[in-house]
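First chain A sits with chain B, and in the next complex the same chain sits with chain C.
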Partner chain A sequence: MENIISVKDVTFYYPGEESATLKNVSLDVYKGEWLSIVGHNGSGKSTLAKLLNGLLFPNEGTVNVADFTTANQEDIWEIRRQVGMVFQNPDNQFVGTSVQDDIAFGLENFGVPRTEMVKRIHESIERVGMQAYLNQEPHHLSGGQKQRVAIAGILAQKPSVIVLDEATSMLDPIGRVEVIETVRELNEKEGITVISITHDLEEALSADRVVVMKMGEKAAEGKPDDIFQQRELLKSAGLDLPFSLKLSEALRQEGIELKKGYLTQEELVNALWTLA
Partner chain B sequence: MLQNVIIGQYYPASSPLHRMDSRSKLIAAFFYLFIVFLANSWVTYGLLIVFTAFTIASSKVPLRFLYKGLKPILILVVFTMLLHVFLTKEGDMLYKAGWLEIYEGGLIQGIFIAMRLLLLVLMTSLLTLTTTPIDITDGLEHLLGPLKKWRLPVHEFALMMSISLRFIPTLLQETEKIMKAQMARGADFTSGPIKERAKAFVPLLVPLFVSSFKRAEELALAMEARGYRGGEGRTRLRALEWHTRDTIALLLLFVLTVLLFLLRS
Partner chain C sequence: MDISVKRLEHRYMQGTPFERRALHDVNLHVADGTFLALIGHTGSGKSTLIQHLNGLLKPSAGSIQMGEMVLEAGGKKQDLKPLRKKAGIVFQYPEHQLFEETVEKDIMFGPLNFGVSADEAKETAKKVIELVGLPESVLSKSPFDLSGGQMRRVAIAGVLAMNPEVLILDEPTAGLDPAGRVEIMELFYDLHKKNNLTTLLVTHSMEDASKYADDIAVMHKGELYLHGKPSEIFNQREALQQAGLDVPETVQFLLKWNEKSGQNLTLSAFTIDELARRLSESLKKRGK
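Entry: the complex of A and B
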């Protein structure tokens, strides 16, 4: 598969800190996949995200996006255009005084001509289903709606990758579903690569691939099915197992013969009612 | 209460004045500040009053909104008027009671000064009543644009203004939240002597400050992630459009100026 981002042997120190936040991390992100990076607070997952679009620069190693590298100052802008980022707090990334002003912000930065800008704003706001809110002010929007506007702002820049940096952690359950569904559609229908940084394993369940971060190092990498069978690893990384997995575990300890830990509720239910 | 917070005193309507370009309104209001001082006789003041009344009428702003804007400065107007009435000793004496003497010249002077102040405030409030703060910011950025040559941070200033405007409701909401949290723990913001009340606000302001700094930092990061790198090479979504009505308005103002010059004594 074709790489869209490749991180090679990256080590990163925050200035003034003794120990490295990231230690010798290597990671490939494939075109069109949904990659979840999971880890506890302080595992370095958010730092890793900021290295992907040149908000931070590695002390050692390289970060390449498509044919560009963050080490090259002239490539930074193209990398930031290609790798859009949705941050945790919906309020603190809303720059414009209205929805359309906010979507325009990125386009203005990249010097897109006005007529093209208007076209792209309408196009991208439709893709996140917020057409009715074009002139709305941010304080009239819910958290989930603000995050969708942030996604629209990124879409308008015609990105190849969207990074969700804990983008759903401050939302209510409805907002969370809204945002995840929006991104899923973009991932499936338009082939936009999604990197979701989260400590919520439920969210990581539906990813194509999962990377587990622990103490600034990559602890594991693989399909969710394989990763979630390694319970000890996940526990030692400080992560809380998804509910259906915990339940299958408990049932197994009670002597009920389940073949494995089931990841989703549906799988578990199916396994249970077909038990001989 | 915060759902309908209106920033500034913008009165939403669709009048000819509302539809004018914010640049022409800014230029007109600024110019008006100077020509008001040309008036020095009943005729010239009359002319200004007619012009201002005409502008108010074409703005469709209800008079009580204008009055609300005037209220805070009425005291000042009355005070300056009285000062002139009592202290200017010119012309015939009209009234005398003990040490109090009122002269004709003083009375006229007082009335003129009061009118001048009222006219000034009326015109400038019309600007903010018919133009949204963000439009004023845009207009200022365009008008001050040439100053960039002298390295004046015009774009940065405008961006700062628009971000402040955007965050006012957010910070108000947050203030309300913190207030409720403190009240739930027994803080009292509404009663007691002033000193106590002022003290009660410290636990409100500290968290508000801390979170504002955090917000600023995160916002800066989000802006950079979206490719912000200063005003250089930036295009703009908000376009200001100069229409015929803007030219007409400025021409009217020019005619008024000429008339004022001709008629002043």
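Entry: the complex of A and C
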């Protein structure tokens, strides 16, 4: 598979800290995949995210995006254009006084000409399904809608990667689904690579690959099927088991003979049905 | 402490062109010792409601009774200190409110403000830091040298130091990792039982609401939309979905199972163990 991002042997210290926040982390992100990064609070997930688009720079090692590297000052703007970030708090990243101003803000920074700008604003707002809100003020929007506007702002830059840094953790259940569905469509239909830093295990279950961070190191990497069977690993990384796996385990303790732990409710319902 | 909310209305920025009605005709009784979960989508009025309970917001109409104290629209100014001592609020991201040089000073700040002696406040700090599962050695550290999860615990300890009778929790586990989330919720649940508290939990997690609460109040568009036991509330999936909510995972699973098997298991298992027990009983019955 073709890499879009390569992180090599990265170690990172925050100024004044004695111990490294990231220790010798290497990671390949494949073009077009959905990669979930999970881990306990303070495991280094968000720091890693900020290294991916040159908001932070490694003390050791390299971060490459396509043919560019964050070590190279001239590459930074191109990297930030290609790797868009959606942060946790929807209220902290709305800069415009209306939806269209907010999307225009990023384009102005990149010096996009006005006619092109208008075109891109309309295109990107449609891709997140918010065209009816073009002239709305931010306080009329729900959290999920604000995050979709943030995503539109990124899309207008024609990015190749979207990084969600716990972008759904402050939203209600509906807002969460709204944002994830929007991003999923971009991932599936347009091939945009998604890196999602999340505490939501059910979301991580539907990723192509999962990386588990623990105490600043990469503790595991693999398909959700494999990662989520490793109970001890998950516990030690401050995580929990997904619902259907926990239920599978509880059913086994009740003496129900299941062949394995099932990851989704549908699989488990079907497995139980064949026993009945 | 009994809590009684009567015909409560709240308008933000009343008398200005920006006036907005956030609560309308809310009537809610919470009996002493109840664990109540308050659910509703963003903007439904949950946070506005709880801010009335210790006098941070005043009713535009209607009244709130907290124990003996009555706060009503147009009522006289009264000393809110006794109320604020009894009703402790843990706000969202409470660690953002830490400010002192040491954890100990931060925890002592509240009690000192309420006239407790320094020695007594120190003793309290020791007690509550243990209560939230942190070692005593943390007391001499700067709160800002702690991890996010530890800071959250310190902030919670600061509220517990007031020894409140009513605990109001505004999404206390937001942003925590899954293991931390369970630990914090278990901590509150233990306290609720041990100290016979009246607890109000604002949450987006239907799982936590179903697992811990005696009663659930659902807010929608500034009104009290549903109020009842978890088994009553989570039997009404359509109504919940209309309010932008859903049933917890255990109930979702029961619905899927009932549909597949043609059985009619009641939708009232709210923990994984309970659900497993119910499913295995029903499977074994069929096997015979």
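Note that the second predicted complex is superposed on the first by the 275 of 276 C-alpha atoms of A that agree within 3 Å, B and C clash if a C-alpha of one lies under 4 Å from a C-alpha of the other, contacts with A are read in each partner's own complex, and residues count from 1 in each chain.
One rule holds in what follows: contacts are C-beta pairs under 8 Å (C-beta built on N, C-alpha and C of every residue); 3 or more make two chains touch, one makes a residue touch a chain.
In this text, all values refer to a predicted model and were calculated from it rather than measured experimentally.
With the C-alpha superposition on chain A as described, chain C and chain B clash in the combined arrangement. Legend: residue contacts after superposition of the two complexes on their common chain; A:Asn41 is shown touching chain C, with no touch to chain B.
Of the two partner chains placed by superposition, only chain C is touched by A:Leu275; chain B is not.
Residue contacts after overlaying the shared chain place A:Gly255 against chain C, while chain B stays out of touching range. Touch criterion met: A:Gln93 reaches chain B, while chain C stays clear of it. Once the two complexes are laid over each other on the shared chain, residue contacts for A:Leu247 go to chain C alone; chain B is not touched. Judged by the touch definition given at the top, the superposed model places A:Arg127 against neither chain B nor chain C. Shared-chain residue A:Gly106: touches chain B; no touch with chain C. One listed stretch of chain B collides with chain C once both complexes sit on chain A; from 182-190, 218-226, 236-244 or 254-262, that stretch is 182-190. Residues common to the contacts of chain A with chain B and with chain C across the two structures: none. Partner chain A is touched in their complex by these residues of chain C: 41-43, 147-149, 174-182, 204, 206, 244-246, 249, 252-253, 256-257, 260-261, 272-273, 275-277, 279-280, 283, 286-287. Across the complex, chain B is touched by residues 50, 53, 55, 77, 80-81, 84-85, 87, 89, 91-97, 100-101, 104-114, 117-118, 121, 137-140, 153-154, 157 of chain A.
Those residues of chain B whose C-beta lies close enough to touch chain A in the complex are 2-3, 5, 134, 162-163, 165-166, 169-170, 173, 214-215, 218-219, 221-229, 233-239.
Those residues of chain A that touch chain C in the shared complex are 39-42, 88, 142-144, 166, 169-175, 199, 201, 235, 238-240, 243-244, 246-247, 250-251, 253-256, 265-266, 268-270, 272-273, 275-276.
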